[in-house]
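First chain written, first letter: the chains are A, B, C and D, and each begins at residue 1.
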Amino acid sequence: MDFMSPETAILVGILAPLVVAVLTPFLAVRNNWRDIAGPLGGVVTFIAALHVAADVLAGGTPTWIAAQIAPGIDLGFAVTPLGAIFGLVASGLWILAAIYSVGYMRGNHEKHQTRFAAFYAVAVHAAMAIAWSGNLLVLFIFYEILTFSTFPLVTHKDSKAARDAGRLYMSILVGTSVVLLLPAVIYVWVMTGRLDFVPGGILAGAIPDNVVPWLLAAFAFGVGKAALMPIHRWLPAAMVAPTPVSALLHAVAVVKAGVFTILMVVVYIFGIDFLHASGGGTWLVWLASFTIIASSCVAITKDDLKARLAYSTISQLSYIVLGAAIATQVAAEGAALHIVMHAAGKITLFFVAGAIYVQAHITKISDLDGYGRDMPWLFGAFFLGALSIIGIPPLGGSWSKFYLMVGAVDAGLLLVLAVLGISSLLNIYYLLDPVARAFFKPKHKDVKIDRHPLVVVPPVITAVMSVLLFFFVDAFAVLARLMSG
Amino acid sequence: MSIASIIANLPALVVVIPLLLAPIAALIPISGAAWLVAVIGSGGALVSAFLLQGAVSNGSSFSYHLGSWPPPWGIEFVVDSASALTVLIMAALAFVATLFARKALPAEINEKDIGKAYSAWLLACGGLAGLVMTGDAFNLFVFLEISALSSVILIALGAGTDRRALVAGYNYLIIGAVGATFYVIGVGFIYAVTGSLNMADLAARIPDVQQDTVIMVGFGFMVAGILVKAAIFPVHIWLPAAYAYAPSAVSALLAAIATKASLYVLARILFTMFAGVPDVTALALEWVLIPLAIAGIFTGTILAIYENDIKKLLAYSSVAQIGYIALAFGIASTAGVAAGFIHIGNHAVIKGGMFLAVGGYFLALRSRVSLSAMTGLGRRMPITTTGFLICGLSLIGLPLTAGFISKLYLVRALIAEDMIIVMILVLVSSALSVAYLWKIVEILWQRPEGEEAPLHGGEAPALYIPLWILAIANLWLGVAPTPLVDSANRAAMHLVGGL
Amino acid sequence: MRDNPVLRTAAKILFAPIIVFGLYVQFHGDYSPGGGFQAGVIIAAAFILHGLIFGLEAGRRLVPEWLNLAMLAAGVLIYGGVGVAGMALDGLYLDYNVLLPDPSAGQHVGIILVEFGVGLTVTSVMLALFHAFAGFSEDRFADKPEDTAGGGSQ
Amino acid sequence: MDLVATITANWNYLIVILLMMGGLFIVISQNNMVKKLVGLAIFQTSVFLFYITVGKVAGGTAPILMSYGKAAYSNPLPHVLILTAIVVGVATTALGLALVLRIHAAFGSIEDDEVLAMKADAGMPRSKRSRSSDPDGSDPDGGDPA
């Protein structure tokens, strides 16, 4: 497995999706070639990510410098343990998402499939670059590119609704990043003269304590993709896009990049001990808790399956922000693990939602009654994914929720325990409700189901992955522990 | 004409080559030949400017005495890292615009007038280069008028397609003449008190004159005149009409370099001539330049959002971008002035590219390019539109483009001087600028076919190759900006030095 | 005004002296007040007087448009040429000292040539302005097919 | 020094200011384009006067080296500067008048407000325009410059 040095692994990991994106228009002459390129690129990227993760596990930090943007900052990549985790998640799930989107697009006879596949690959490229970015400026650069490359995906249908959603998507994401995130990044640069990621943080002592909450607020609200409560509206609006895009948005790239950025900032820029000592993060703890509870309640009211999953994602993202805000070692590890667990669980749910739409054209949860027996595999996968997100033991999700709870106790925030408990109860209700309807309620709407194996296989695989993650979590756990040096 | 004498006379050549080729171009009736003369003129100026920038790249500066009369009596051309950088940017953009003009000018101007058009074109390029190079206050007025009058002629030539170009030219003439005369009155006051016209000599004499009223009045008149020529907020009214109705090649030339020269002159007045009386300049910076710049940024952006004609929209956005440069100079710290020079370079490349793209649309559509006429152009003219998009993304400052670098350094300068409110205003306005660019992008790509203006002949390489030169320059300055950033820093160090 | 005998004869008589006086002012510029600008205007006045009295067509026959434009360009090129000559002889731009071995004679030649160039240009500009404004007619710009928009917008 | 003495001492500067502000006022207030140009010319002439006044040395003669007797000479530099400024003024006025003629040909009027109010011609370039200028004036009677 060592024919590639870590540096070339970074290069391959970042450029492979770009190569796929560039080749797709030329391969479009024959649909099959174009559709194979996506998964193939995914496999190559995943292998590169494995290499990088192996090197990071061995204690190294592979770096690769391209150019020098400004004194003290260069356009380069350096993989942190947290970056390795996100890299694995993004590339791994891209393979399945690519296969799934081929099945979905063909099943639904969508048009512009070439443009869709090309921008899909560019989005993953941006996600990989964010995962392995060398410093905060490179991270910001690819964060913006991710926004602009996912815009054509969100407005794929070219309908009026799609364009309004696109406009909201752009205004919130670009607005928050330009007005809040960029000055925060530059403020750090001016105050400390450097922007690279250092375990234990670079701000300790560089900025006065009373500035910490404001700077954290600039980062928290600057990263629109983390969908904290006031700036979450773009996420449900982006549900108008085809399901593979929602899967990409929710599990593989966009929101993950958001919370990943917040976690990187807390761990590598502020430093966990400095943030805990200065107490700058307490307001964020309560905001994240509020977001968890509020979005879970809204999710219950949603009858449309994808909208409900969207609000569930908003609350799950705040789990990770909560872990970062508690600012203790274990809580941060829990947040890192939750990135992985939530990705696997939520992508399963979205794959199932898309598959149901492709095969039976049902979007409303109330119409799902009695279809359990007709689509057993799909609802089985949905059940496993839901359990993982709720955090029931045999599934991976339980680990991250457990770490978060221990972190909260460490920080002495018992109220957070109550928040996590309530949200688990709410999760149980709104995630298992569709499954219960499908298996136990009589069918009241009969629809012809046409089989598309390509959309059924990926959700089953990711469901099994959620289970496996429970047993083989140690690789990710070690990476998470390495995170804070 | 030995090589040594050419090298020795480079500072003069940058200005003389275009100026002397102008009468020759006027005599040539064939449009191809006249264009060739224009290319030789702007190309020669570009080569000389490039060599000059090389000569001062180590931070040194030297002066060139016209007619070998030593200053303070004779007229002196000053070549330092600041003036060499500005002249190089202007010469490069002028050359690219001249390449674009080959097919663009004959399509909009009567065949017989082409020679005279190129003559005015060369006069404008030479005049603007002289404006930046000269070290003599009155000689600066002469170059100011040369470039202004030739720009008026170029704008009025747009009458072939839209008769409002004549009124736009007329208004620019009146307002420009009043501005230039204000400048001359200022020079008169300063000359009456100090007795010298050479800028370096003035910088030495002004502090020990200390008759505050006369210095203050002279300074006020000079800065007011230059503000008019640089189209800074309240006196920018001539700019939108001038850029909108001028022929497309002329809009590209003027948008890219015309106001930059006046902005550079503003910096020289503030930071070299009146460096000796810091309290006078500080007053002007804090209470005049910065507020006007911010007001200009917001009016420009907001008016651009509601504008329907694409060239007027880009003109309003130019007013906003000029506001950014003026704001950067207003900060008056080395980081601020460096940010100003960086944005002079980046904005020239961005706005030049966008106007070239709009020129390409105009020549394909054969009618005024309003937003409704541009529906669905993204599919029918892919090459031009992608170039336009790259320059557009650079305008709003997407990372990995030139615009991002200038925004980065401007915000950094603002934070270093902890002008936090100004920084927030700048960021909000740059977020607003996303609004009007997105309006265009949506129309270009996403509007369904249906009611689309007819195309006369698709995209001609002669039109989109210059555009792509600038688009690639945008990306290049975005990824590896060190050459521009270093020379801008040297220029700032030279101008503001220990400040 | 063409058929008024008094004006015709006066114009005929005055034409030559004005030109001579103009040339005097031109070439005595460095000893007494004078020089290119003033001389150019005086000589142009003679041609304009002729144009006024004998009509525009006669004026244009005397100095056709292409000659007018050529003289204008020639004047500027003479001025620039002296400057470039200075550069060619290893001096700086517009450096008169190097034009002749003896610097003061060089200055002398330089200033006379430059003033001559200026005189030529100013004469032809004033004449071109006169013909442009006097000869301007709106119907040339009305909707006539393919007419030159030229005119003297110089 | 009391007011009257200051006025008599530098009455020429007062004239300069009078002309300058008068010219500027005309440029701003007048609607007619030609009158604007006249105002501009007055404004520029005031600058010429200003430079000459600054250059005058009390009792100095013309700065020409005829004989070595006379000691005081007026300063020649302002005169040379103003020579250039006059040429610039002529060029500006000539160009302005040429534009006014073309505006009148294109718009049929040279009053600022009327011209601005007129809707622009469809802006079709010459080669596309139909030759027949229809009487009902869909094509403004001034016609579009060829």
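Everything below uses one rule, namely that contacts are C-beta pairs under 8 Å (C-beta built on N, C-alpha and C of every residue); 3 or more make two chains touch, one makes a residue touch a chain.
What you see is a predicted model, and the numbers here were worked out from it, not measured in a lab.
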Partition of the remaining chains by touching, absent chain B: A | C, D
Co-neighbours of chain C and chain A - touch as defined: B
A-B or B-D - the one linked by more C-beta pairs in contact: B-D
Most distant chain from chain B, judged by the mean position of its C-alpha atoms: A
Centre-to-centre distance between chain D and chain C (centres being mean Cα positions), rounded to whole Å: 23
Whole-Å separation of chain centres (CA-atom averages), chain A against chain B: 45
Centroid distance [mean C-alpha coordinates] between chain D and chain A, Å: 67
Touching two or more other chains - residue numbers and ranges from chain C: 148-149, 153-154
In chain B, residues with contacts to at least two other chains: 110, 153, 156, 159-160
In chain A, residues with contacts to at least two other chains: none
Chain-chain contacts as defined at top: A-B, B-C, B-D, C-D
Touching residues on chain B, where the partner in the complex is chain A: 393, 397-400, 404-405, 407-409, 411-412, 415-416, 423-424, 427-428, 430-431, 434-435, 438, 442, 446, 448, 479-482, 485
Chain C-touching residues of chain B, taken from the complex the two chains share: 1-2, 4-5, 8-9, 12, 16, 19-20, 22-24, 26-27, 64-68, 110, 112-113, 116, 153, 156, 159-160
Chain B contact footprint on chain A (complex, rising order): 67-70, 75, 137, 140-142, 144-145, 148, 155, 158, 163, 167, 170-171, 174-175, 178-179, 182-183, 186-187, 189-190
Residues of chain D that touch chain B when the two form their complex: 20, 24, 27, 33, 36-37, 40, 43-44, 47, 50-51, 54, 77-78, 81, 84-85, 88, 91-92, 95-96, 99-100, 102-103, 106-107, 115-116, 120-126, 128, 144-146
Of chain D, residues touching chain C in the complex: 62, 64, 83, 87, 94-95, 97-99, 101-102, 104-106, 129, 131, 133, 139, 142-146
